[in-house]
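See the structures that follow.
Two complexes, one shared chain (chain A), two partners (chain B, chain C).
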Partner chain A sequence: MEALALDILTTAAILFVVSTGLMIILGVMKLINFAHGAFLTTGGYIAYLVGAAGLNPWLAVPAAAVLGFLAGLVIERTIIRPLYHRPLDAILATWGLGIVIGQVFALTFGRGVQFAPSPILGTIDVFGNEYSGYRLAMLAVAIVLAVALSALLSFTRFGLNARAVIANEPLARGLGIDSANVRSITFGLGAGLACAAGALITPLLSVDPNMGLPWLVNSFMLVMISGVSFPSLLVASLLLGGSQVLVSTYISPILGGMTIVVLAALILRLKPKGFSRA
Partner chain B sequence: MNQELLSVQGLTSGYGTAAVLRNISLGVSKGEIVVLLGKNGMGKSTLLKTIMGFVSPFSGTVSLDGDDVTNIRPHMMARSGVAHTPQEHTLFPDLTVEENLRLGVASNRLFHERLPSLETLFPRMLERLKQRAGTLSGGEQKMLLMSRGLIAQPKLMLIDEVSEGLQPAMVDRMGEVLIRARDELGIAVLLVEQNLDFALSVANRFMVLKLGEIVEQGNVDDVASTQTLSNHLAV
Partner chain C sequence: MKIRTLLLGIGLSVGASAYAAEPIKIGIPVGLSGAASVVAPSAVQASELAVEEINSQGGVLGRQLRLEIADDGSGAQGAQRAYDSLVFQRKVDVIVTSQNTAARNAGLPIVNRGRVPLIYTSFYEGRSCSPWMYINAWVPEQQVAPVVDHFMTEYEAKKFFLIGSDYAFGRGMLQYTREYVESKGGSVVGEAYLPMDGSDWTAIISQLRSANPDALITSTAGGAPNVTLTRQLRAAGISIPYGYYALDEGTAKSMGDNAEGIYIVASYLSSLETDANKAFLEAIEKKFGSSAETPNELSVPQYEAIYAYAAAVEKAGSTDSAAVIQALGEVTVEGPRGSVIMNKQRHASLNMYLGRVAADGSVQLVKSFPKVDPGEQCPQFANK
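Moving on, here comes the complex of A and B:
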């Protein structure tokens, strides 16, 4: 039972880590970033390359975060910003971008799977259960990330400006806030978080050009039911991730893979605005 | 009071292809309050939005301190020293009073430096710093609105119907604050109003906007009877 509880907690942590980049972009920019999966994949390949180069596997995470942030700034400036007033086109552009990124990886690395070394090997004894040290580390990462992002939004000038832009962009602009700059940094932040998340989850799995796609679907559903709220995202990750683990364990892993999507659809049917604004 | 801070020349503006303002020219000097009178739908708010950069003019120019700021983006206008207090959706209701005030200044350092200056103007705001703005009373929300504008220490305030919906005592308080801002801080104010008594009690000059054009203007001290002006505001 303890192992099951740890599975639930660590699965929720992984889902939270993977979804934050998508949420922050949706929250501030009102943009569903369908390139999120490709950014996760990018992080995965960075983890693979760092491992292949014989470097410390932990280096992959900051490297992916920085590269993702910089790439996000460029993508926002060149692809997203010209489409601010055409939101549907902007969403389609991110979809297309995701396909292009995936194809570039397919051409570069082939369609086969690659593996990245885990920064933490072996198990740790938790209440008499030997449990993966790296999955436990993901729990700590999720907690740190939740605290850091909450602090960023609550206690920094950027966070205040971002909340003002979320709430009322024209009013924010009238107070001297460069909303285009806020959007640009936000997209960079979201892309950086996604790439870092990709680097973090790859040691648990493997990386291939389509690695990010299932994660994109799950992240999308979690963000849809969470609204723009990190506490809600934590709850949603715990609830839906926990359900996925339970269904996979007691019924079928195949059904478990569908659990998040099905439950999210049901929740949205009952509470169209999701958790945060219920 | 002779140096013109805001200068609007031949401004024609509107939405889409529909002109709301036609050939507007006006000026506001440092340390001067100019009130723009007019009924609803005459283009008063559109004029403030055009000056601020939210609406692009069809023709004409806007200058601030001698610099051409026509078509400048709103955040740059704010950074140039213009505080705009619109009529609607003026606050961030889910943010605290303190956060709303912080948004009025460029940095946390400036916020801490200037916050004490509100003590004598709106002491109640300092008592409500941690309260969500949306939970304030209507009068308190107007106080917060003015406080946010004043903490920016702007050169120019564009204020849209600040007296609307306020009790007489609160209107008087707003008037006192505006006069202090003008006389003690040298802030220029372009005030859009329909409350004639309030407007004339604080302003140096008045202009009447009717169907997008200035049809009457003058010094407040020269107004012998308010009857004509009242007629312009009558529904």
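Moving on, here comes the complex of A and C:
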């Protein structure tokens, strides 16, 4: 029973960590970033490179965050900004960008699977259960991330500006907020979060040019039903991740793989605006 | 009039001599793109080597061999296009392939229509029978017993847990394993599957834990699922005896210490200490140099299958499909895997090797099982 609870909590934690980058970009920029999966993959390859260079595996996460942030700034300036007033084209552009990034990895590293070392090996004893140490670490990471991002939005100048842009962009611009700057930093932040998340999930998985794709689908569903709010993203991760674990455990892991998508569709049918905007 | 007849005669004789020198075409549908592109280059290299060696000794019936390679995109749809093009446009004399079963099954009807012999060189879940097909790779009957027997005698394992990817090979292998374990007095305490692209094994690992088995046997799709399952098992601290049907030497090597202790069963290991294997490894190294791919369980049968076809054409005295099909069941190939003859209901008895992955990712030979019989595969071809 404790093992089941731990499975649910850690699965939710991983989903949350993977989805934050997508959500923050959707919130501020009203843009569904379909390159999110490719950003996750980028983080995975950074973790692989850090491991291959023999560095401490923990270094992969800050390295991925920083590189992702910088790449995000460049991408926003060159690809996203010219398409601000063509939102559908912007979404298509991120989709294409995702494909290009994936192909670049395929050409550079080949289509085969690569490995990144895990910073935490073995298990930890929790209430008499041996449980994967790394999954428990992901739980801690998710909590820290939720607190830090909420604080960023609530207590900083950037957060205030971002919330103003989320609420009403023309009005915020009228009040002298440089919304282009907010958008640019947001995209960098979203890309940085996605890369860091990719580096974080890699020790449990393997790295290949398409590793981000299934995660893109799940985070998309989560963000759709949670709306733009970190607490409701946490709730959505717990609810959907928990259902996935329960279905996998008691019914069939094959159905478990579809749970998030099916449940998200049902929730959107009953509550078209998701959780936070209901 | 005379001049015309003369010209016609010259034309005919030129045509005839061109016909005599016409190469024998060997069609290779292979996944140059898509999931199988990881292993495809090794199969192509092995085929090129076989053709080069045979040609340098004068070819077959005085004709040279030529490879016709077609990309199948690693899937059934691409396979149909590849087979169509090979059989009806490029008019190959034989098809030799190590595709996955789904892709090969998509091609079989085309082979039947075009009446072209097909030699299948990939291990698979067994019991595929076609009048135009021979198979020189292993089936569950040859793969399952060595690892299950070893676990039962060496580790006194009684309770087995089975994990697979949800597709024909995954389910077929584990179903046979379940029957075999139960026939030997053991029990299967759990059997779980994830879709082929699934990577989250959390729930299955928890089930495994609560079932508390003595040994674990897995049969997942090659590539990423091999790796994610092993990593998550290791992260969860699972250390019971662990047998893996779909793990190849190359993947084991790249997984390093994660793969340590895993048992694999194969009809070919690159570390085999036979003269034929050493010569083969040297030849691959010499021909391809730094771009040489490590030979494996898919590429070596491909190499041997081309020799088998060459021998069958020699024996039949022509490339006539029916005659070649007849001869394929009668010729023996001495290759890196030992001597192989496809005379067991279109399948072959094979030397099987139980290996254990060492800490550096290399595979150490634990035990060998000479001439393991494929059992009842295609009884309708028993006497053909």
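The rule is short, and it goes like this: the second predicted complex is superposed on the first by the 278 of 278 C-alpha atoms of A that agree within 3 Å, B and C clash if a C-alpha of one lies under 4 Å from a C-alpha of the other, contacts with A are read in each partner's own complex, and residues count from 1 in each chain.
One rule holds in what follows: contacts are C-beta pairs under 8 Å (C-beta built on N, C-alpha and C of every residue); 3 or more make two chains touch, one makes a residue touch a chain.
For clarity, every value in this text was computed on a predicted model and none was experimentally measured.
Novice: Please tell me which partner, chain B or chain C, touches more residues of chain A.
Specialist: Partner with more touched residues of chain A: C.
Novice: Check whether A:177 is in contact with chain B, with chain C, with both or with neither, and answer first, second, both or neither.
Specialist: first
Novice: Applying the touch criterion given at the start, work out whether A:111 contacts chain B, chain C, both or neither, answering first, second, both or neither.
Specialist: second
Novice: Which partner chains sit in contact with A:76 here, chain B, chain C, both or neither? Use first/second/both/neither.
Specialist: A:76 sits against neither chain B nor chain C.
Novice: Now for A:160: first (chain B), second (chain C), both, or neither, which partner does it touch?
Specialist: First partner only, chain B.
Novice: Looking at A:168 after the superposition, I want to know if it touches chain B, chain C, both of them or none. Which is it: first, second, both, neither?
Specialist: first
Novice: Check the residue A:206 against both partner chains and state whether it touches chain B (first), chain C (second), both, or neither.
Specialist: It touches chain C, and chain B stays clear.
Novice: Pick out the shared contact residues on chain A: the ones touching chain B in one complex and chain C in the other.
Specialist: Shared contact residues on chain A (touching chain B in one complex, chain C in the other): none at all.
Novice: Per the contact definition, I'd like the list of chain A residues that touch chain B in the complex.
Specialist: Chain A residues touching chain B: 157, 160-161, 163-164, 167-168, 170-179.
Novice: Under the touch definition given earlier, write down the residues of chain B that touch chain A in their complex.
Specialist: Residues 52, 54, 73-75, 77-79, 84, 86, 89-90, 92-95, 99, 102-104, 106-108, 148, 152.
Novice: Considering the complex alone, what residue numbers of chain A touch chain C?
Specialist: Where chain A meets chain C, its residues are 3-4, 7, 10-11, 110-115, 118, 121-123, 130-135, 203-206, 208, 211, 214, 244-245, 248-249, 252-254, 256-257.
Novice: Show which residues of chain C lie in contact with chain A when the two form their complex.
Specialist: Result: residues 35, 37-38, 166, 192-195, 197-204, 206-207, 209-210, 223-224, 226-228, 231-232, 234-237, 251, 254-256, 258 of chain C touch chain A.
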